[in-house]
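The structure's right below; bear with me while I get my questions together.
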Amino acid sequence: MDFDLTEEQREIKRVARELLAARSPLSRVREAAETGAYDQALWREIVGLGWGGIAVSQAWGGQGLGGIELVVVLEELGFACAAAPLLSTAAAAAAIDACGSDAQRERWLPGLVAGDLRAGVGPAALALDGHGADVAVVLDGEGAVLVAAPESEPLETIDPARRFAALARSSVAGGEPLGAGAADLIRMSIAAEVVGLCQRALEMTVAYVGERRQFGVPVGSFQAVAHRCAEMLLQTESARSAAYHAAWAAGAEPTRLGEASALAAAAAATAAREVPASAIQAHGGIGFTWEADVHWLYKRGEVDRALLGGAGAHHARLARAAAARLAGGSP
Amino acid sequence: MDFDLTEEQREIKRVARELLAARSPLSRVREAAETGAYDQALWREIVGLGWGGIAVSQAWGGQGLGGIELVVVLEELGFACAAAPLLSTAAAAAAIDACGSDAQRERWLPGLVAGDLRAGVGPAALALDGHGADVAVVLDGEGAVLVAAPESEPLETIDPARRFAALARSSVAGGEPLGAGAADLIRMSIAAEVVGLCQRALEMTVAYVGERRQFGVPVGSFQAVAHRCAEMLLQTESARSAAYHAAWAAGAEPTRLGEASALAAAAAATAAREVPASAIQAHGGIGFTWEADVHWLYKRGEVDRALLGGAGAHHARLARAAAARLAGGSP
Amino acid sequence: MDLTFSESELAFRDDLRAWFRAHAPAPEPQGDELAHFCWRRDYQRLLARDGWAAVHWPARYGGRGATLTESAIFFVELGRHGAPMMANVLGLLLAGPTIMSWGTDAQKERHLGPILTAEEIWCQGFSEPDAGSDLASLKTRARRERGHWVVTGQKVWTSGAQHSKWCMLLARTDPDAPRHKGLTYFLMDMEQDAVDVRPLRQITGSSEFNELFIDGAVISDEQVLGGVGNGWGVALTTLMNERAGLAFFLQVRLRQLLDRLLREAADRGLLADQAVAERLGELHVRAEVLRLTAYRGLTTVQKYGQPGPEGSLTKWMWSDANQRLTQLAADLLGPQALAAGGSWGYELLRARGNSIEGGTTEVLKNIVAERVLGLPKSR
Amino acid sequence: MDLTFSESELAFRDDLRAWFRAHAPAPEPQGDELAHFCWRRDYQRLLARDGWAAVHWPARYGGRGATLTESAIFFVELGRHGAPMMANVLGLLLAGPTIMSWGTDAQKERHLGPILTAEEIWCQGFSEPDAGSDLASLKTRARRERGHWVVTGQKVWTSGAQHSKWCMLLARTDPDAPRHKGLTYFLMDMEQDAVDVRPLRQITGSSEFNELFIDGAVISDEQVLGGVGNGWGVALTTLMNERAGLAFFLQVRLRQLLDRLLREAADRGLLADQAVAERLGELHVRAEVLRLTAYRGLTTVQKYGQPGPEGSLTKWMWSDANQRLTQLAADLLGPQALAAGGSWGYELLRARGNSIEGGTTEVLKNIVAERVLGLPKSR
């Protein structure tokens, strides 16, 4: 029993944190949002580091690492709230590697890992990076479908630092089923980004309320604010426990990934909304301004929640699965 | 537009408050709970004041007052958390008067008002004062059924200051339907008791946290405690707005009583749980003791919530009614 | 207790409804801020022409001497008919009544007319960057120079400043006086170079609010309201002024948004899902309880001259409900509710400000605890 | 990251499971308090006989020198097999380890054995009526008289005192020293007339806790633990002692209760209702997240020697989840869950104490804010 990152995983996390802090401060995110385009220099650098293929077998050009390394990198992507198509690329690649056929792997993985091909992920109506994608892994109920070159309409969302599309139903109907594991890996990846978003919201808030003074004292010394921060920590750590657990299951206990991923999705969908909303509230009027940059976290959180399909469906699925297991007599 | 009690109604409230404060302090409630019997002296006094027939026509021995007076008296019953079968008697009598046939009125009302007959109210599985009752008004979905001398099993609940019974299905099946208005009046009556319970929980808490000191200051000066009290007020006033509105509709706009009563039930079911639970929490360890008497409010609140049928069903009913109205084109 | 309107209130409402039916507002312009402002200003002019812009003002100033209930009816109907809030809402609700209370005859003569007709828009210069909820600590200075007042300082959260001719400005005229003393209330002309209005972009992308940089703005003695050094008292009049009407407007807007969500959810067949029905119903209860509580508050003010406990709760109820409603829409309607430029996406983001603007929920809870419940001042 | 148990952990668990299967606990006695205590005491004796009562104690004192993970496994399996928490839990988890840390050889020799076998039950005399969370302000006095210590004062929330032979007593020996100084940690014999145990009845009707009125109790020098005036340091050892195991017991009990509710809801066909399924699933997520977070905390303590942020959260998560769970049962099961003497009704009431006992949720949030997040001390 060891519920902790290895030294190598910590190192990956540290490198990602530092690189993204240097190359993708929130001012860059804002710039990307205002221009409506990803930060291409950042993306080239990320491709160069091989993060898109972090969980892809070396045979297909990936780094041959596992779900935990994928989650760690995506958590840092979320922490930076970076404007780059990493979530879609890395999640799609991991899903194709784990659940695709050899033909599919050969067709898509080397190009995705090298940054030559572009992937979309998400429900058909809200496919992250789905417009003009070479391939999309489309969430459909509890399963996922691989769609080559989907027809799509671009979709601008309240999170202008990312690109979305609505995929044509006809395209999706013609896709190749990948099995439930693919959907699980994608939800786990989104949940990982949410953990990072929430961590960032928490850290920005703690820093702000420790410094900002009203009525002659730091606002963080007001119990209502302090308790709000404690609740943000609780939500963030809850989402983290569930996301790391799913990452472990992805590698070590694939039969448990389905529930683990639903758990991670449910915890993340809750935190994705509440933690950034709390960050805005704790910042007061400042938090409601464009320049304060807290809102990028809220916007991404709300859209990630939608990508995950909300919390309710996962809750219901988990309850029914647990009841079925109990009826089956297993403990 | 005048959303306020009349001077006469205020006077009724004042009298009820004073009488119950004198005759039924919480120490008496505790005594009744410990002996498992109602306070008969109190009940005789209440009967003498005619509260059981407050909303019953004078023709049947009642006071000929309306829903508002009924709500006002039951609110005070809740405030005192009194151990007397007033809620069942007054609610059943009001329901029979409003929705019964003349034969039913003649058969039951004079006896109920005089305290010679006993009434049960509630769902069949949890009928307040249903054991040995001469007549019961049984909530059944959105309707209500009048059952003479129901067969029953006594049921002890977590609220030992009141008596309950499970009524035999066969008895209820043989009952006479009273129409939806009867159920609405009964839920409105329960909601009124809840408003009083919550008001008491709030006042006890405010008094306690203003006095009790920790770390050298009154605990009410901690923002977490102060904000909890503010939330208790919000819930209490919400339940009160909805209950008074239902009381007004009962007299002035009977066609609106169905929704008004569902609204009152939903707001009361929420407050009935949250406000007394908050009172215990704000009292700290003391609040968890038998002697502190806060728990009587929580116990009655949870059981009242069950009598009301919880909050969820009312929420769903209200949403569907609102959607249907919108589909019908009315504003 | 009588929750129906009186004959005269019904007559007032019927007249108003007839007027609104005859003057259906143009569709709300999307995106373009100036177009949006013009839409609001033009509609106010129409209201003013027929005596509806400030129903709560006395008839001699162009109002109708409406009661509080009638005033509430006005805002309910305004919202219900999809009409825009008046462009000069701060002039009508705050500046006008404050001038009526404290102004000289000349000031009343000069200002009230153009407020009513939206000829001159007003903004409120109270808040400062370092004095959020703590007005007594504000720093903007007004110095006496050659027979005028010369003002230097910074204001923030000034809504509508870019369109305003006048600003209700609170500034410190005596730096040596204790905090609440030494403040003066000025009517500052915004049309001078020394006043720099910089839009404060919000998370929605639009700029309802501004920062005001004031560097040597000149104000004459005629533009002092209520006397030098008396600013705190005059400001209280502004702060205490009747905003209950606004609460009715917001409450109706909430109801309309909820009705829209109910319709869209029903159209998609979502109400068959018990979880969806319960969540929508929970919001319906919040909206109804808010409406009822607002009317209770109105009765209390009308009968007893001051708000009861319920008066402190409606802003908090509204912001909470509106935030939940817009989030529920995101959950139920999916991508459509998250689209940029769509109204649900805008409402979702805009709602985050509800619990901050006009008193944060935390401050409101403090106020409820201290002033309504009488708890010791919280630490 | 490896969330499976190691070979040796699995072997430990399998041995333990075999033992529990061979020693199925008698059904839990209902209602009668003394019978309930005897049930717990007898089961502890059985555990002790076979070396399972204190797996975390060193082998030389009758334990197994178990790792933290093994200790967690012990509590998980204890809960899972429906076995009672050991009657002498405070002796095993708190008094024993504190005596091991600070005691003389004679004290260890005297006390550890009877703790293990439940021959002598222990209680904890820290809390006082006027010093809730503020231990440094406690008032119970121990005076030197004729070669003994004579103690006078009052303690509260003393669980199990009615069954206890010994009390971990914190008392002030030097009233002139600053608050944290001048305290001494005593092992007080409860069997003397000067110690009056009065049961404190709880809202459930039962009396887990007591008040302790101490009026001239005599304590010898041999019963001072860790030296006169050193009580604060010794008490910290008690307070800091490993209670993580207990968290696993509580977490398993929560899981069991939830599984029971899931079964009963499924039996009634309630899971077809989406609103019910969502509410149950929300609790499932809380229970699972608690379990995972507890294991994360265990890893942190094992690897870094001190708890990480997640360690501060589990008690709070548990109390919140348990309160919601018992309320959900009341909503779903109706009258059955509200019956007096029924287990759901008891759990519903008992759960109200969860957010108060062992640190109120408010105090836990303060601790998280100050010690984990480093925010300024809250006001």
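Letters A, B, C and D mark the chains as written, and numbering starts fresh at 1 in each.
One rule holds for everything that comes next: contacts are C-beta pairs under 8 Å (C-beta built on N, C-alpha and C of every residue); 3 or more make two chains touch, one makes a residue touch a chain.
These numbers were taken from a predicted model, which means no experiment stands behind them.
Counting C-beta pairs in contact, the pair that comes out ahead of the other among A-D and B-D is A-D. Comparing the centres of all chains, each the average of its CA atoms, the largest separation from chain A belongs to B. Annotation: 39 Å between the Cα-based centres of chain B and chain D.
Separating the CA-averaged centres of chain A and chain B is a span of 49 Å.
Chain C and chain D, compared by their mean Cα positions, are separated by 54 Å. In chain B, the residues that touch at least two other chains are 222-224, 227, 312, 316.
Across the assembly, chain C contributes 274-275, 277-278, 362, 365, 378-379 as residues in contact with two or more other chains.
Residues 132-134, 156-157, 200-203, 205, 275, 323, 327, 330-331, 334-335, 338-341, 345, 348-349, 352-353, 355-357, 360-362, 365, 378-379 of chain D are the ones that touch chain B when the two sit in their complex.
Residue ranges on chain C touching chain B, taken from their complex, read 1-6, 9, 69, 80, 259, 262-263, 265-266, 271, 274, 277-282, 284-285, 288-289, 292-293, 295-296, 298-300, 303, 309-310, 313, 316-317, 362, 364-366, 368-370, 372-379. Interface residues of chain B facing chain D in the complex, by the touch rule stated above, are 123, 125-126, 155-160, 164, 166, 214-215, 222-225, 273, 277, 280-281, 284-285, 287-291, 295, 298-299, 302-303, 305-306, 310, 312, 316.
Touching chain A in their complex are the following residues of chain B: 222-224, 227. On chain A, the positions that touch chain D within their shared complex are 1-6, 9, 68, 202, 206, 209-210, 217-218, 220-223, 226-227, 229-231, 233-234, 237-238, 241-242, 244-245, 247-249, 252-253, 263, 266-267, 311-312, 314-320, 322-323, 326-327, 331.
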